[in-house]
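Some structures to go through are shown next.
In the two complexes below, subunit A is the common chain; its partner is subunit B in one and subunit C in the other.
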Partner chain A sequence: MYNPTVARLTYRGLLGRRRALILFVLPALLLVLSAAVRMLTGADDNTATSVLGGFALATMVPLIGVIAGTGAIGPEIDDGSVVYLLAKPVKRPTIILTKLVVAIGVTVAFSAVPTLIAGFLLNGNSQQIAVAYALAATVASVAYSAIFLLLGTVTRHAVVAGLVYALVWESLFGSLIPGARTLSVQQWSLALAEKTAGAGAVTADVSLPLGLTLLTAATVAATWFAARRLRALTLAGEE
Partner chain B sequence: MPPETRTPAAPGRPQPAQDVIHNIGYRTYDGPRLGRAYARRSLYSQSLRGAYGLGRSAKSKVLPMILFGVMCLPAAIVVAVAVSTKLNKLPVDYTRYALWLQLVIGLYVAAQAPQSVSRDLRFKTVPLYFSRPIERVDYVVAKFAAMASALFVLTATPLLILYVGALLAKMDFSEQTEGFAQGLVSVTLLSLLFAGIGLVVAALTPRRGFGVAAVIAVLTIPYGAVSTIQNIALHSDNTTAIEWLGLFSPITLIDGVQTAFLSATTSFPGGHGPGAATGAVYLLVALALIAGSYGLLMRRYRKAGL
Partner chain C sequence: MSTICIDNVSRWFGNVVAVNDVSMTVGPGVTGLLGPNGAGKSTLINMMGGFLAPSAGTVTLDGQTIWRNEQIYRHIGIVPEREAMYDFLTGREFVRANAELHGLGDREAQRALATVEMEYAQDRRIDTYSKGMRQRVKMASALVHEPSVLLLDEPFNGMDPRQRMQLMDLLRAMGADGRTVLFSSHILEEVEQLAAHIEVVVAGRHAASGDFRKIRRLMTDRPHRYAVRSSDDRALAAALISDPSTSGIEVDVQEGVLRIQAVDFGRFTELLPRVARAHGIRLLTVSPSDESLESVFSYLVAA
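== the complex of A and B ==
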């Protein structure tokens, strides 16, 4: 269920040329920000949660998820070169799973790892905050990659659709309508962070079992549906 | 005619001369030539229409029109509420409106700036533009102006709705006109700034999807970072830091300029907006960014490809 050649091509498509640049800029910004905050205010758990929760988990992880998830398949469908891939004797679910693995790898490497380092920079992992947010970023990366990979197969405007979900639904509606928070990857992953971190350090809107169930369900359903979409793919010309 | 198929010439008649270019009646064009200004105008209007999907497929109209609708809907609701409850002042400031919906504006730039320039790069049509009587400066100016105009339409229409609604509700005419004018100045600056940033980022990549993500990252990530640090600075009572930090993201830059010069209330944490002196720096930085993005675009198109 894993094809190294497809993986290599996807990896090159994601990180080749200058594309890796934006993926490096975001984590670098987070680290600079954390270092600056640490120097300005000293180690403080509240500041750490506000930087890690407000910037890392709420903005950086979804954005890198969008770039990696849709970038793993979107451009190929967009320029039509996916037919050469589909014409090879490789099962479509294998293609999707391989691309998912690569997307997850890239998202974790560029979001969860910097989150962990930023956490240590901010308060030296007091109350396990750094580890908690890194864990949350990891599970969120998995779910985001699967969802945005699905979007990449469904629509040509996958990046915009993904951004609308990540920014408008999670940030805007999440802060206005409490109910919207139950249906957000961010909150599901925060449930895990809440359990890992010291008591009261992190708050989430969903309980841990519900969060984990929804995370798994969303990931599996998105992957299955993406494979299904790829089997029935029709190629359209540029509008 | 190849030699094998040639029929032998009848004896006594002269052989027809070979290698002749026949005049088959092509004519040279002798109508009016519309010239460079016309080409520039056409490029501008095509780009502006394209930014709303006009003259393109139905599918590409969906997104800009939805965003346009989302932009205008709150204004219509505000007006409806103000009229029905007989308020004597609009519940939202003209200058505050664009800041309030900055996410929508950001999404619009992210979706439409790559549409305007990345596709030309990807399908290698840029050389075709330059085979017309337009220069590099015409292409850049037309694209920049079209994007800025599209953004101005997006941001000024809701203000117009608010203004008309306020006048229909018989609010104070001079007060409303002043607010409306200030709002227009602010959204003009915002349109130019966002169009410049969006086009510069989009012109660097031929892949639309990647351009979209890059533009939204450039517009929102600095905002996220700036407001996080500003909130931390508020907790440690460092109000001068709040004032200066706003320089580092596009939307807070606009916020700072209009707080200093257009009598807007700031949305900086704790309401610590810049004063006139700091505001001058804000205005300078904003104008420098606009000029800088124009310069970068000019440099970018020195070479037609990538």
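== the complex of A and C ==
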């Protein structure tokens, strides 16, 4: 179910393109911000939750997820080079699962790990806040990768669609309309942070069992659909 | 034996019919798929390569359906027309990756690179390659598993004459080896030099099939039309119509031009200057008015 060659092609394609720069810029921004906040205001749990919750989990994780998830397959389908993967006796679900693993790896490395470091910079993991948000970022990375990977197989405008989802739905609607939050990867993963952190430090809109169930369901469903899409991928001639 | 069977296949995209009820069999040896741009060649090749489902009919390789059958790629090698091919890799890394996806290794990749004579540039990144070099690396990637069927979409596009000769030699050798090689082209001379067997498609229809000599004859024997301007159109018309090589002449007074339909191409081209000289008529312009490939092909459809 995992093909090392597909994995190698995928991560080299992900890190070799120009948009990979964003993968480095966003976490760097978070770390610089965290260090600056700590120096200016000192260690404070409330500040830590608002930086980690407001920037890291609400903005950075979905953005990195968009880059890694759509980037793991979208460009290949766009430019037609996916032919070289598909014209091989390799099962389609294997290709999708491998690309998913790579996308998750990249998203975790560039979002969950920096979140953990930022948490330690902000308040030295007081009330387990750093670990809580890092855990939330990790499970969110899995779901985002699967959703955006599917998006990459469905539309040529996957990056735009992904950005709209990540910024408009997750960040904007999530903070304005309470109902939208129940259907947001961010809130599902926050449920895990709420459980992990000290009492009252983090609040989530959904319960932990529901959050984890929805995370799992979204990941599995998106992956299944993506494999289906790839199996029936047609390449229209250029004529 | 590796025979691709296209059986009553149609393919439409929305309202546009790209391939219209085509049946053909492609067997061992080199076959040329000839047709003007937009005739449906790529659509046919995509269906033979399993990247497009036929809207109606079946495409099979030795009885096995090709669409949604990834195991079929053990026997098929594909050289796509599009340029993109993991440009951030070196040629060697790319061919190696293709070999690995077939469960093969470095040895097979090196052999394929040697076959296309690309070893000298194998450690350069693909985005530094010329079009001909890309084409050869694509070939190598399709040959790593020594497929019994090779499908090539417009393989000679952008190649210089020497590279073209090399690729032709290679394809000829593969055909002589008993492999099924099918390539598409919109250039008759290319197909004629390489393929003993030709399939012609025009506007989505299967227009002709067979030996290249037969098709060549059909193409040269078709009625040719010429537009001629001369110092005395009427006198020229009178002199030409008496010869059996012409079948019709119109004196277009408004345009000041003679429209001539010739049935015997060779004889007419010799006749015209001779008649003009004998009658002291000066020829101002002689231009074939239907030499476009499309009109040549559409004649074939009617034939």
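The rule we apply is simple: the second predicted complex is superposed on the first by the 231 of 239 C-alpha atoms of A that agree within 3 Å, B and C clash if a C-alpha of one lies under 4 Å from a C-alpha of the other, contacts with A are read in each partner's own complex, and residues count from 1 in each chain.
Simple rule for what comes next: contacts are C-beta pairs under 8 Å (C-beta built on N, C-alpha and C of every residue); 3 or more make two chains touch, one makes a residue touch a chain.
From a predicted model like this one, the values you see are computed outputs, not experimental measurements.
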Room on subunit A for both subunit B and subunit C (clash or fit): fit
Partner chain(s) touched by A:F55 [first = subunit B, second = subunit C, both, neither]: first
Partner chain in contact with A:V6 - subunit B first, subunit C second, else both or neither: second
Contacts of A:L86 with subunit B and subunit C, given as first, second, both or neither: second
Contacts of A:G16 with subunit B and subunit C, given as first, second, both or neither: second
Contacts of A:R231 with subunit B and subunit C, given as first, second, both or neither: second
Lowest inter-chain C-alpha distance for subunit C and subunit B in the superposed arrangement, angstrom: 8
Those residues of subunit A which subunit B touches in one complex and subunit C touches in the other: 79, 238-239
Touching residues on subunit A, where the partner in the complex is subunit C: 3-6, 8-9, 12-13, 16-17, 79-81, 83-92, 231-239
Contact footprint of subunit B on subunit A as seen in their complex: 18-19, 22, 25-26, 29, 33, 36-37, 40-41, 46-47, 50-51, 54-55, 58-60, 63, 66-67, 70-71, 74-75, 78-79, 156-160, 163-164, 167-168, 171-172, 238-239
Residues of subunit B touching subunit A in the complex: 56-57, 59-60, 63, 103, 107, 110-111, 119, 122-123, 204-205, 207-210, 212-214, 216-217, 220-221, 224-225, 228-229, 231-233, 235-236, 238
Interfacial residue positions of subunit C with respect to subunit A in the complex: 13, 18, 37-43, 45-46, 49-53, 68, 70-71, 73-74, 76-78, 80-82, 84-86, 88-89, 97-98, 100-103, 141
